[in-house]
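First subunit A sits with subunit B, and in the next complex the same chain sits with subunit C.
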Partner chain A sequence: MSIQKQAYNALEAVVGSKYISDDPVICEGYRSGPGGYESGLGYERVMTKIPGAVIMPKTTEEVQQIVKICNRYKVPYVPYATGFYGPRSHCHVENELLIDLKRMNQFEIDEKHFYIVVGPGVIYSPIQQEAFNKGAYVVIGGGGAQASAIANLIGDGWSPLSHRIGLPHRRILGTELVLPDGELVKMGSLAHGDDPFWGEGPGPDLRGLLRGFTGLRGCLGIVTKMAIKTLPFQPEPLIPTGISPNTALALPQKRVKWVNYQMPSKAAQVKAMFEIGKAEIAGAVTKVPLFWRAIAKAECKEEFWEIWGKENEDTIKNFFIVRVLLIGYTSEEQMEYDENVLNDIMKELGGIPRPTKPSDESWLKNADSAGMWLMCGSYVSVDYIIESLSQATVHGEYYAELKRKYTPPLMPDYGDPGWFQSFELGHQGYSEFLVYWDQDEDTTGVDHFYLETSKMNIRERFYTSLLGPHQPLFLTGPKYGPNYHEWLLKVKNEFDPLWVCHPPVPLAHDDFVNRAEWMKPLKDWESPEKLPMPEWK
Partner chain B sequence: MRIKNELAKIVGKDYVSESMEDRVKYSRDESLLPPGIPDAVVWPGSAEEVSKVVVWCNEKDIPVVPVSSKVHFYGCTIPKQGGIVVDLGRMNKILEIDTENRLARFEAGVTWEQLVEELEKKGLRPILPLLPPGNRSVLTDTLEREVSTNIVYDYGEPMQSAEVVWPTGEIFRCGSASVNGFPDSKSRGANPSGPGLDFYRFLQQAQGTMGIVTWISIKAENIPKIDKIFFAPVEDLAYAQDFLYRILPRRIGQECLLLNNVDFAAILSAKGFGDFDVLRAKLPPWTLILTISGLIRRPEEKIAYEEKFLNQVLTHEFQKMALTDNLPGFPGLGRLLMPMLRRPWPSNLPYWKSTVKGGFQNLFFITKPNQTPMFMEIMEMVASRYGYPIADIGSYIQPIEHNRACQVEFTFFYDPDDDVEKAFIGDLYIDAAKALMNEGAFFTRPYGKLASIIYDRAANYTMTLKRLKKVFDPKNIMNPGNLCF
Partner chain C sequence: MEKRKDRYDTPKKKVALDVTDLNNFTYDMSRCIKCKGCYWVEHTYMPGINFSVRCPSNYWNDFDSYGAFGKMRIGLAVAEGRMEWTDKLLEIIYADPLCGACDVGCKRNLDLEIGLTLEALRIKAVKDGAGPMPAHKKIAKNIATKHNQFGSIHDNRKKWVTKDIKVAAKADTIYFAGCSASYVNQDIAKATAKVLNAAGINFMLMEDEWCCGNTLYSVGMIDEARELAKRNVEAIKKSGAKTLVTSCAECYRMFKVDYPKMLDISTDNLGFKVVHFIEVADEAIKKGSLKPNKPVDIRFTYHDSCGVSRLCDPWTPWKGERGWMGMVSPSLKRRRGTMGLYSQTRNILNAIPGAKFVEMPRTRENAFCCGAGRGTKEAFPDLANTSAKHRLDEVKHVSAEVLVSACPWCKSNFNQAIKENGDAVKVMDISELVLASLEI
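Right after this comes the complex of A and B.
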């Protein structure tokens, strides 16, 4: 269970013996599972392996050398930052090298021009604080402040703050990518110089290789440096309060304020989001699942179930909240203007203000998703998709309906249609649907549900985040684009002809369905008898 | 005859031409680049016809040159290696305007004039570059990422989804329009990203080398209820930039730009506001133009808080910045310019840059605002080396997204009938570009002769682009001779 000796020696010469190990104890620490995300599912059991060795480079040059050695000795490898993304970002084949990028943890901020240059080992927590200190802010995605900023931005990169901060793709500036064969490509203004302030060009924009919508899970190279756009915030400090785990940021109420409104109907709830977007006000506009409120209130699993057990289909059906974050970017007067406009909209639509804490528990600094494990032990976001508000506000209902068939093993949530919100002042809408289960139970139903969502999205003509390496490529490929899978595989073959970079992604879910007996009854799409990639033992 | 007959089978005999007159028409543009004659011109009426033309060309190894606009400034539609010009002018339908989601979807041949007019009927507007020619294709300018005069971050990167005919002929939809059955779908095409890769990025700034985009959708914005325009004469560019660093991150303003006296005089004289030479002499070295707008709700309150903030900054921090609602000595300027900034340049008038001497050559790049005074000095040095009067060069600085960056554009005006002057301007243009590049100017759109200079300095980017191009266009039939292809 380790990589070949010659390769190991060559790798050791690059980083020194301190930063490479094939000690089974060390490698065991990189097993997929304990994180909770997608944990215990069939995909994790069938597709993930413990690494054959772990290496920790410090510089881009070291990453390049490592990747070139892997190509020379045909050693499969996977880039790894914080490992939040569960099984999909862990080793998938035997004797694989895990390249842990934590040591590349330097960052630098350009206050005047609103960007932060980060390495892949930099997590959100310090850069958000530094941004706050300089009058700016970033979006901390649902992965939380402990997630790698680069990994998050090439696979995710949103939160309710995206109402104003917008599509994550827009915030990726000058970037360094080590291609799967070890060649380095510098994008944007880094192509010509040392300052990464600008993202695209020269000419066609190679940032198209970085992510697709929800990322490539590292199968097209390793990002070693990225400049991330920040946005101007407001000048007042946000004061940390409370004692862990009940911490929060006290908000200066004349400059930052959450306001909750109870709406009389789903139609009014949706209309409010459209109108707030059209009025071009607020820093966030969102509707979250009701059980998140129970998560926030509960301090243990038992307490969660006590709170949640009081709900029923009717309370869920009649829960129409709109949660709005007001930010005085310009001045207190701008904040007042936003609040006046918001009140006008709510008055027209019958929205009733609800008591709201003068603090932020999550989205500004923490985006703490740790509570998601609380109820059952495992969870996954089966979809998290930016489209229009028209799609976003109905998408979850289809998920909820499909979910009934698979509950249990999925956690009963009384048909809650999930989370939706505005993006880019209502030019886009976002929907996310999360499911929970106990990994100690039979999870076959969860595996089936996950795959069936893909078929539901195809049938109902929804756009979905579960494309590329997140579902069987030969299932989704013909139905989106159409045939985006053919182009993706051609690009993969061009830049990674040996498929050493995180194999068998992007065909890992196809491979999983082929290998998991309990998935075979669901396979009703065409795919090659032998998947078009090298076999890894 | 053979080419014409074959293509006529695809588009119909009325929509293909091998006549010398048509071929010559497409052989040159407003740039300084030499002409190149195509073998034929086709005017397809649908993506399916485009696809069949491309497939036919691919089989025969014939270059394909896509054309969407009626006017071109950078030479990228000149058929440098012959081939078939595919003019998308017939594909000029606005396919939908979705007022709820504020998006517009339209074909490649739709012009700025057409789109502005149709959106206006629904209370919406596109975000425009500075006075684009009314008959330019909106799709082309959007794909080429023409920088807008509006600095509001939320309006930025307006492109959403797109349909492309790949160089091998497959019709493909990018982003959320990729769903099966679009537009008869729950997805409205509002997300540009995906599926699988961010294909739309490969098409941006590609000059038609990566495929033929047949339609796109973009974000549309509400038309404000109230607008106010301000001007400030600027002698000290660094001081003006400090002012913009102070106000733009605080989300003040909509349109915001700096024009030197040459460019501003050209605009005003072309609009009949006075004689070019008189205006140029009378205008300050630079003019800062700033608009603020009251939106669809409580417009007066929005104007009021922005004005209050501006007044505080002007009173306490930037007393030398004389920002008022009219430029001293130019009464009525605000009333003239405010509507102009929201519209393209009328196609029935000579384009404003053409009115100075007939021809013009733009040189533009991206930089940080605090570096603009240095780049002005570099341009002065290069121009003086050539004995070219700096007083004749148009200069335009466009702040981008809260002033985190800006585009600087220099315009050299010339007589298109004077070959000596054209050659001179061509040399000056290249030398100036090199000098600017040496000091960090970033040229994102490598046109014509600049391409080889830019790509020579970006070896790994160039190699990767070529590898990507090989995937999509293995025979290099799409607009060869441009970029690094």
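Right after this comes the complex of A and C.
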């Protein structure tokens, strides 16, 4: 399959023949699965297609021209930065144009005013190294060091470092967006002049619209440039050591140090995170799933299962770790002060220090998300919420309980409640629940679990992050708003009346449930007989 | 034992590290997650915005299909019979120096057998009558008729041996010069031999040295390559040598890894030990039998040639089963490129008096391949040229006057790019640098 010849020729005139192709072999390389995020799930099997053509623009002007041509010829398109985000970032309809943005890799750093400006082809780890070189740092989102900073920031964009640095919307200073019809909108401080330092622009700010709560997965245009705030870091170098796969950053212990504490109870764990935030110390405070420690220890998949197989419900239930990153931002003395405060807190709460390596394997420069696939071959972060610290931790426990019903095919994890941490110095708590399976097994249970989590969140009144583009909008929308779905569809229709931009998002999951026979028994919510969107053949 | 309720009783499937059957690698191809660990420099070592990638193929052509993550999807389509052989498909499969960067990158996290999959794809291309590329067929003909890559006169193979080089009639060590050092880069063969002489290591040459077959194996002509492997292994055994020394990274990889792979034996069972010049020189310097005393007044950097770095972990045959969650049994020790000659090389380079050794941003397992190897330069000279020029940008970035490598194919490729660029950089083989530091 390919896109109309006239449209293809017009597109070729924009970028030149070297940067566009409809060759089947080229297009096959852009297949969503079978591996990757949400791999082997029904959504990927039912909803993704191989592109009809792939184009690689270099500039914003080229993107605008491409999008205008797509509107003229009614060619559906999807923006694609690295392709890491699984089926949701790949083509969903036949004869779709995939706009690969990797050549848009412009980068500038302003050392004095602490910001960077990047294109969508720039990933996190080079940004972090450039920031380090200038005494600054950024958050490398949980999506991984290999994630496009722009793609990650308009969706998620947080990590344990968000304990101090904060949520992405505080760090996105300016955004340049090519709307679905090709019009260019500059938001935040990129809206006026070329100095993005301040982060505010004139008039209504559309950044929230673009991002929603956790992004709209490319259905409202293409971000071609972003100004991102950096924050001051400590000055000592972090030295890479080891040979792959055993590499790490050696930390200057008087300025940067990870410390682990074993807490006596869940209440003490939450209280410790709260008190650390209240004292305004530390660069990161987190509790990650216990099996991540097994991943870190294991040399291979088989060894992981050997280590993990020794755990059971009791060991998991009674494991309350708090992992803290101390950073002497201003001086060794400040670091010493922070450590003393931390020790006081832990002494009061009964925290017992546990040995840690004097190095960083993850979060400062390398967020090792690829390791998530080691154990089972397939993985997704099924949901994440940002709540109060005490609410966030309860959320994971509910997920763990629901998960029992779907294990197998989900990986046995003995009730681990997932990832839990402090955001913004304890003002918020974060919970992320991750599930793993083998895509060669029957994955119906995973598809069902995914959908059931939405119903659970509605029932238990948890505010979930992925309600928009990752769940049926007609299930979640009426419950979260109560008109969230209507509002979102009006926005979509206003900005993209032809629905050329990544159709059928934001109704893709509704479409999936309608099309997948095995999902129908779960459909107990109202939705129009025909979804309110154009049909793409 | 009671069956656990929290897991499936997954039927086991037979699988082997056998590159003659692409189906052995369907699991690996289907588990690629597009993290592009195969493409980016490992994030811990990421040097910044510049020099951030390590895949010559995807550097040359930006489409995803040229990266290993694209090739895994394409490979699966080939294995499942969903894709016909076309010129574009052959270009994607063959425009690739198989440098192993993708393999070690993937094994940072996922342990997928990317390198073997790419080799198996080429073998299938040949079996299906689609591969190799025309330039490769010419080389194959040269090897079949003249026993060297270039089609040069076979009798001239030992012409590099000058009067000031002592070659023993019989010795425990045999020096395998390889095609490039025998015909094109004779300075490397001479320097290697002279350093061996200086270190007091008696060595002999093969009575009748033939090409190692690197290009044949690398482009998927496994039947021809296997015959050559058998012939060469037998000849070396017959010579009585206990140790084979190479000065070529490609020959080294062939003898140490791909010969055992093709012959279904482990490296330890070859019947002789395979070492590169680097290992010999490192040991001799440590023992004191080689004394680099003569100052060499240069600022130089080092290019980790793929065959002596991420591609040279020894081979052990493996066959077994894959079951629940993709686990394999019996246990499989993955080849992750950790046994590359990284430290041995640096030991030597840091021992050169008077010289200033500076590292490039991308080193060891993260090094950017020169782009020439494994049939690439012959079939896709533009890729080889682009890669070499990109690497030379890195040489200039660290202000090195001399680029040292450990493979004659790297040397030739860099030299050609330098000539085209008009650069002032000089390329030396590590054997030449060591020789320059000896008072002989």
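What we mean here is this: the second predicted complex is superposed on the first by the 534 of 537 C-alpha atoms of A that agree within 3 Å, B and C clash if a C-alpha of one lies under 4 Å from a C-alpha of the other, contacts with A are read in each partner's own complex, and residues count from 1 in each chain.
Please note the rule applied: contacts are C-beta pairs under 8 Å (C-beta built on N, C-alpha and C of every residue); 3 or more make two chains touch, one makes a residue touch a chain.
Note that this is a predicted model, so its numbers are computed, not measured.
Asks: Once subunit A from each complex is brought into register, does subunit C clash with subunit B or fit beside it?
Replies: fit
Asks: Taking the superposition as given, does A:405 touch the first partner, subunit B, the second, subunit C, both, or neither?
Replies: A:405 contacts neither subunit B nor subunit C.
Asks: Name the chain, either subunit B or subunit C, that contacts more residues of subunit A.
Replies: B
Asks: Taking the superposition as given, does A:200 touch the first partner, subunit B, the second, subunit C, both, or neither?
Replies: Once the two structures are laid over each other on A, A:200 reaches subunit B alone.
Asks: Could you say whether A:357 touches subunit B, subunit C, both of them, or neither, answering first, second, both or neither?
Replies: A:357: touches no partner chain.
Asks: So, A:74: does it touch subunit B (first), subunit C (second), both, or neither?
Replies: So A:74 meets neither subunit B nor subunit C here.
Asks: Kindly classify A:330 by the partners it touches after superposition: subunit B alone (first), subunit C alone (second), both, or neither?
Replies: first
Asks: Contact-wise, after the overlay, does A:438 reach subunit B, subunit C, both or neither (first, second, both, neither)?
Replies: After superposing on A, A:438 lies in contact with subunit C but is clear of subunit B.
Asks: Looking at the overlay, what does A:37 touch: subunit B (first), subunit C (second), both, or neither?
Replies: second
Asks: Tell me, in angstrom, the smallest C-alpha to C-alpha distance between subunit B and subunit C in the overlaid model?
Replies: 23
Asks: Across the two complexes, find the residues of subunit A that touch subunit B and also touch subunit C.
Replies: None.
Asks: For the complex, give me every residue of subunit A touching subunit C.
Replies: 19, 21, 23-26, 28-31, 33-37, 39, 54, 56, 82-84, 100, 102-103, 105, 107, 122-130, 133, 144-146, 240, 242-249, 300-302, 305, 361, 365-371, 373-377, 407-409, 411-412, 438-441
Asks: Quick one: which bits of subunit B touch subunit A in the complex? Just the residue numbers, please.
Replies: Counting only subunit B, the residues touching subunit A are 98, 100-103, 145, 153-154, 156-157, 160, 166, 170, 172-173, 175-176, 178-182, 184-207, 209-210, 219, 222, 245, 249-252, 295-298, 301-302, 304-306, 308-309, 366, 368, 370, 401-402, 404-405, 437, 440, 442-446, 451, 454-455, 457-458, 460-461, 463-465, 467-468, 470-472, 483-484.
Asks: Touching subunit B in the complex: which residues of subunit A?
Replies: Listed in rising order, the residues are 112-115, 135, 164, 166-167, 169-170, 179, 183-187, 189, 191-193, 195, 197-198, 200-214, 216, 229, 231-232, 274, 277-280, 329-331, 333-334, 336-337, 340-341, 344-345, 385-391, 394-395, 424-429, 458, 460-463, 467-468, 473, 476-477, 479-485, 487-488, 490-491, 494-495, 506.
Asks: Where on subunit C does subunit A make contact in their complex?
Replies: Residue positions touching the partner: 4, 6-8, 10, 30-37, 40, 42-49, 52, 62-67, 69-74, 76-77, 83, 86, 88-89, 92, 104-105, 107-111, 324-329, 331-332, 334, 336-338, 340, 342, 364-366.
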